[in-house]
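Here chain A shows up in two complexes: once beside chain B, once beside chain C.
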Partner chain A sequence: MLRRLFYDARIRDLFWQVAISASLVGLTVFFIRNASQNMVNAGIASGFDFLWRSAGIDVPFTLTGYTSSDNIWALFWAGVTNTLLVSLISMLLATLLGFLIGLARLSSHWLLSAIAAAYVEFVRNIPLLFFVLFWYFGVIAALPQPRDSLNLFSAVFLNNRGLTVPAATSGAPFQWALAAILLAFAAQWLVSRWAARRKAETGADTPALAIGLVLCALVPVAALVWAARSTGWDMPQAGRFNLRGGFVIIPEFVALLAALVTYTAGFVAEIVRGGIGAVAKGQREAAASLGLRPGQILRFVVIPQAMRVMIPPMTSQYLNVLKNSSFGAAIAYPDVVSLFMGSALNDTGQAIEIIAMTLAVYLFFGLIVSALMNWYNARMALVTR
Partner chain B sequence: MRDFDTKNREDVTMTKTKLTAAIAATAMLAGGAAVAQTLVPSPTLDAIRTRGNLECGVHVGVPGFSFPNDKGEWSGLDVDYCRALAAAVLGDAGKVKFTPTTVQQRWPVLQSGQVDLLSRNTTITFSRNATLGVNFQGINFYEGQTFIVRKASKATAAKDLDGASVCVAAGSTEEKNAADWFRERNLKVTITNFQKNDDAIAAYDAGRCDAYTAGVGALAGQRAKLKTPDDHIIMAEPISNDPQGPVTRYGDERWQAVVRWVLNGMIAAEHLGVTSKNVDDMRANSKNAEVRRLLGAEGNFGQMLGLSNDWMYNAIKAVGNYGESFDRTVGKDSSLKLERGQNALWTKGGLLFTPPFQ
Partner chain C sequence: MSAASASLRLWQQRLFSTPAQTAITLGIAVCVIWLLTPFTRWALVNATWSGETRADCAPGGACWVFIRARFGQFMYGFYPVAERWRPNLFGLVSLAAVAPLFVLTGRARLRLGIAALLLLPPLGVWLIGGGYGLAAVETRAWGGLMLTLFIAIYAGLIAVPLGILLALGRQSRLPLIRTLAVVFIEFWRGVPIIAVIFLASLLLPLVMPAGVGVDRLARAVIGLGLVIAAYMAEAVRGGLQALPKGQAEAAAALGLGYWKTTGLITLPQALRISLPAMTNEFIALVKNTTLVLVVSILDLLGIAQSSLADPAWVGMNMEAYLFAGTIYWLICFALSRWSRSLEAGGPKGH
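Here is the complex of A and B:
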């Protein structure tokens, strides 16, 4: 009986899996208990009560409405939103810039291709920290003092304290406008699906361009104009040191964004080049022989096939952007590392809890990025019949 | 053969060390018996003696307090204290290993036992004492937070900073002090928090901020790091009181007492007129009972803490009393030229005080 169990591969596998899982869990529990016991012995506070303590730390750039009289939990969220903000915009811009550079590198124009190649080689062989510091001190050095701000219609000001724009005194109209814009985008998506099906079934064209223009350009503009007119505006004005009023986009944000975008674009460009290179030459030739123009070949034949190759490595790049945004701590960008793992950690000294929470933030959002990209990958994958 | 010899020699050395330790332990026990006092064990003191040096956590670089020169030799008020402590414990002020620590590193470095103490421009606060597992062992510098601004801004006091941008080191008491101070007065000031003091200073110098905030003493030293120090002015009026002093971790009370009383001894020496120059004469000829106890000419105060009786004699001989150290590092004989102010003895209008050596 025992002998049979021992030789049954399924049971043996199960035994080892249970044994290894149990010892992993046991080890983790041991580490946690050991750490907390040692901390109690050393008189170091532990637990998560510190999250409700008043933070008392001023944050120069926040989307959550955090003020220094809020608690540390609010400070944590201010940091997380700043991390996500810079990461998401960086991902978007790096993809666009990377695509352009990647296509330029494949161009038959020698100079364009050489410049793109030089850019990629330069970027890939320089550490990111260098980019961050270069952009930061470069940005600050290049911009004028507040007294000599560059301004646009005396409403938008640019100086070494950041880009100051008028701030709306009430956010509600913009929330309505955002809802209207999202609705218009959803409608556009439905219309284009319907148009594609109609084209496939009946061959009839739909005035897609006109509908798209109305839904994706006119509606958003109208919504924003309406929102802008139905709220008061806090206009920036010259003060003793800086401009007063308005919303300030700080130079740390601009520098970190520029660094992440220029750095990541180099890697994206290589992925694009690799993806397009992976599409068999015969595909282009076949498309050309059908009479498609070069732009159409790229759009309908090459890129859809190249995407399948590009998505998995792009996922890694997006994850890198999320993680690399922590370099903002080097230039005082108030992200989760700087605010929570820097200021709050020092204030409370609760290293284990704070580092674990910061880790969980990156893990959680990293997994979300992975999941979204995997979903997109599955959609784009070649449907084999 | 050679290998064997080396190994053998090592073994012999090991045995010798063990033997010496055993003899020392026996001698200490005997000594303990002689003064009718058995000392509570002090793992930190034992570790320092075994290691042969004191591990002292200092600031990465504030001129006047702890600053390495181009040869890597440290100097400053906080560094002097470490040297005096090493002289008191090991009889040699040179036996200190300095561990430079940033604002962020200091607590873990102390808590984990990498250093025996911190002596680094660290403000004594309630929550640090209560939640970080650290004890503050007296005050070696009464600091007050203030701001450095460009002369061109014509700001002379903190209240003039309404609307300004201020650079600060993240995780410092200054970060919270400044936020509290401006909020309380309803002044709108943007505070940008850098991970390191030096990054904050560099950003201030690059024009990112209108002011940089730190303690008066620290600013006096850090001003030298600016491109044109003369274009900047340090505001005279402090917005906070930030007493600073040596820090130890919880536990090992005898070690904590050593740390506390070496500092007290340096202050007492100034009060009693004992200097590095007259210390030999004072030990031999002074009629003052407190001087004689302090220098080990009478009683056995060193032994009561498990040190040699000439502990404070060694410390003062090597480093001098508090006043000598102050003048040399941050005071009139230094480039900082700070006034004694609050850091003068209580008999001279300052706040520096020591309990009696009785």
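Here is the complex of A and C:
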């Protein structure tokens, strides 16, 4: 009887699973009991009440209007928005720079391709933290003092205290401009769908390029120019020792952004090269023999197929950017790790709650990035029947 | 036609065959010269190589005297000078033990490999950390390149076995084990490593019984090891999935159980396939060891960073970063070349 039980595969499977879950539960209970005992000994509170206490922590750079008299919950959100801000801008710029370098790598020009290859080998074999520290303590700290700022048209000033740009005194015109631009994009989407259907049904061409230019370029430019003219500008003024006015982008942001973009671009370049290289040569040749021009070959044949190869690794690069934005903690960029896991944790001592909330931020936004990219991937995927 | 003129023709074709190409070549050349000339002048021409103090350094050039004066610290951190033979000895013993693995084959190689894996790690902790007859050196005195290598190797020793177990768990037919492995892997892959190092340094002491301390360095190594294990698991999974199903089926037909099938048939082949991917994860680990800086452990980059605060050597930022960066680059570049050559060699037939 026992022998039969021992050799029954289902019983054995069950036994192993019960044994493993029991030991995991045991370990968890052990940890929790120790933690609660240690917390009682150290006089640390538990629960999330600390979130409503006044934070009293100054944040040098925030988009949420946080001030040091707000509570810790507001501090948390100031950190989260700063994390998202630097991540999103880095993703965008790293994609652009990475595409350029990847295309240079594929160029038939030997020197251009060699320099792109050297850049990729350089960047990929050095720690990101090195770049963060290098940009912050090596480059930005070596920039001139505020009174000798480097300036562009006396409007944008760069110095070792950061980047000072003109600030709009009123945001309302920009909100109207943004609405107009979104409307134009929506219209472009509808027009292109209508044009594709008409082309499929009647074969008639639509002046797609002209309509597209008007909707996607002329409307946004006009809207932005209108907004820029109808708001007032607070221009930075060079004073005796310091700059007055304008909006100051802190040096930590500039350094972290520069490091994330230059580092990630090396990885994006390799993905672009791999994606375009994965498109079979016969595809281009067949397209050329059908009479497509080089630009058309790239647009209708190579890029759609290369995108399919590139989207999954690009997703993981975007996730890496999101996670790597936490490197800002090393130079005190006020992101969620340095504000919440650093300052707030030091003040309250409530390690478990704070660490759980911080990790949840990354897991949550990581899931959103993956979901968006998967949706895009599904749209681009080969439609098979 | 001589070989020299043939190669000249090749270069002419590569760089100057059309007007557009010539323009690009010249444009790049101007940019490169514009960037490299001041750098070369600073790093080599106007640089000072010998001397004792900051005062010996000429202005307008790199002060390599600084690196020379700090070399011992960059390599060992604040490890006592009289005891530095101990990490050196451990390095030599490890090299002597690992080198034959590349020459030997078959059973002898396996035996040596297992012996090295079992004996070297505790030997290293004893030699570097002391105790049992050697003078104890606290981990806060460890630092520099020695510490970078120590963290990378010991975190790797956690990550590789755990990663293999996780990869097997993810492929398991037992639903509970599969779920646990997936949750573990996706959790650690989803959070930033810097947060994990904070987490390990804050939570490990908290969940241990009162009075049981966990060394600061050990916390960082455990934290890094856990995260990299999740990434290793995905690398190993790639190898397991690339293996034809027939291998496991044939083993089952011969009457081998799960552990024998795995240990003798599928895992050895899967590991060979995933070795390049695992090497890439190890490169990532070497780069991520720098993050221990946030819990004030001074590895190579940390020592370089902290040396900038020395009032006797103000303004040595570029020299320190350049030196540390070059060492990281050399290590990672060598590893990535090795990984690429493994990939080119390909898995040996199954």
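A few notes on this one:
FYI, the second predicted complex is superposed on the first by the 319 of 385 C-alpha atoms of A that agree within 3 Å, B and C clash if a C-alpha of one lies under 4 Å from a C-alpha of the other, contacts with A are read in each partner's own complex, and residues count from 1 in each chain.
Basically, a contact is a pair of C-beta atoms (placed from the backbone, for glycine too) under 8 Å apart; a residue touches a chain by one contact, two chains touch by 3 or more.
As the structure is a computational prediction, the values presented were derived from the model and not from experiment.
In the superposition on chain A, contact of A:Ala141 is made with both chain B and chain C. By the touch criterion stated above, A:Glu252 is placed in contact with chain B alone, chain C being left untouched. By the touch criterion defined above, A:Thr348 lies against chain B but remains apart from chain C after alignment on the C-alpha atoms of chain A.
Once the two structures are superposed, chain B and chain C can be ranked by residues of chain A touched, with C on top. In the superposed pair of complexes, A:Ala45 makes contact with chain B only, with no contact to chain C.
Touch criterion met: A:Ala330 reaches chain B and chain C at once. Applying the stated contact rule after C-alpha superposition, one finds that A:Asn160 touches chain B and leaves chain C untouched. Legend: residue contacts after superposition of the two complexes on their common chain; A:Leu128 is shown touching chain C, with no touch to chain B.
By the document's definition of touching, of the two partners only chain C reaches A:Trp16; chain B does not.
Residues 39, 137, 141, 329-330, 345, 351 of chain A touch chain B in one complex and chain C in the other.
Residues 13, 16-17, 20-21, 24, 30-32, 34-35, 37-39, 41, 109-112, 115, 121-122, 124-130, 133-134, 137-138, 141-142, 319, 323-327, 329-330, 337, 341, 345, 351-352, 355, 358-359, 362-363, 366-367 of chain A touch chain C in their complex.
On chain C, the positions that touch chain A within their shared complex are 14-15, 21, 24-25, 28-29, 32, 173-177, 180, 187, 190-195, 198-199, 202-203, 205-210, 283, 286-291, 293-294, 301, 305, 308, 317-318, 321, 324-325, 328-329, 332-333, 336.
By the touch criterion stated above, chain B contacts chain A in their complex at residues 103-104, 107-108, 111, 127-128, 130-134, 153, 160-165, 167, 170-172, 175-176, 178-180, 182-183, 188-195, 199-200, 202-203, 206-208, 210, 249-251.
Interface residues of chain A, counted against chain B in their complex, comprise 39, 42-45, 50, 56-58, 60, 68-69, 137, 140-141, 145, 160-161, 239-242, 244, 248, 250-252, 329-332, 334, 338-339, 342-343, 345-351.
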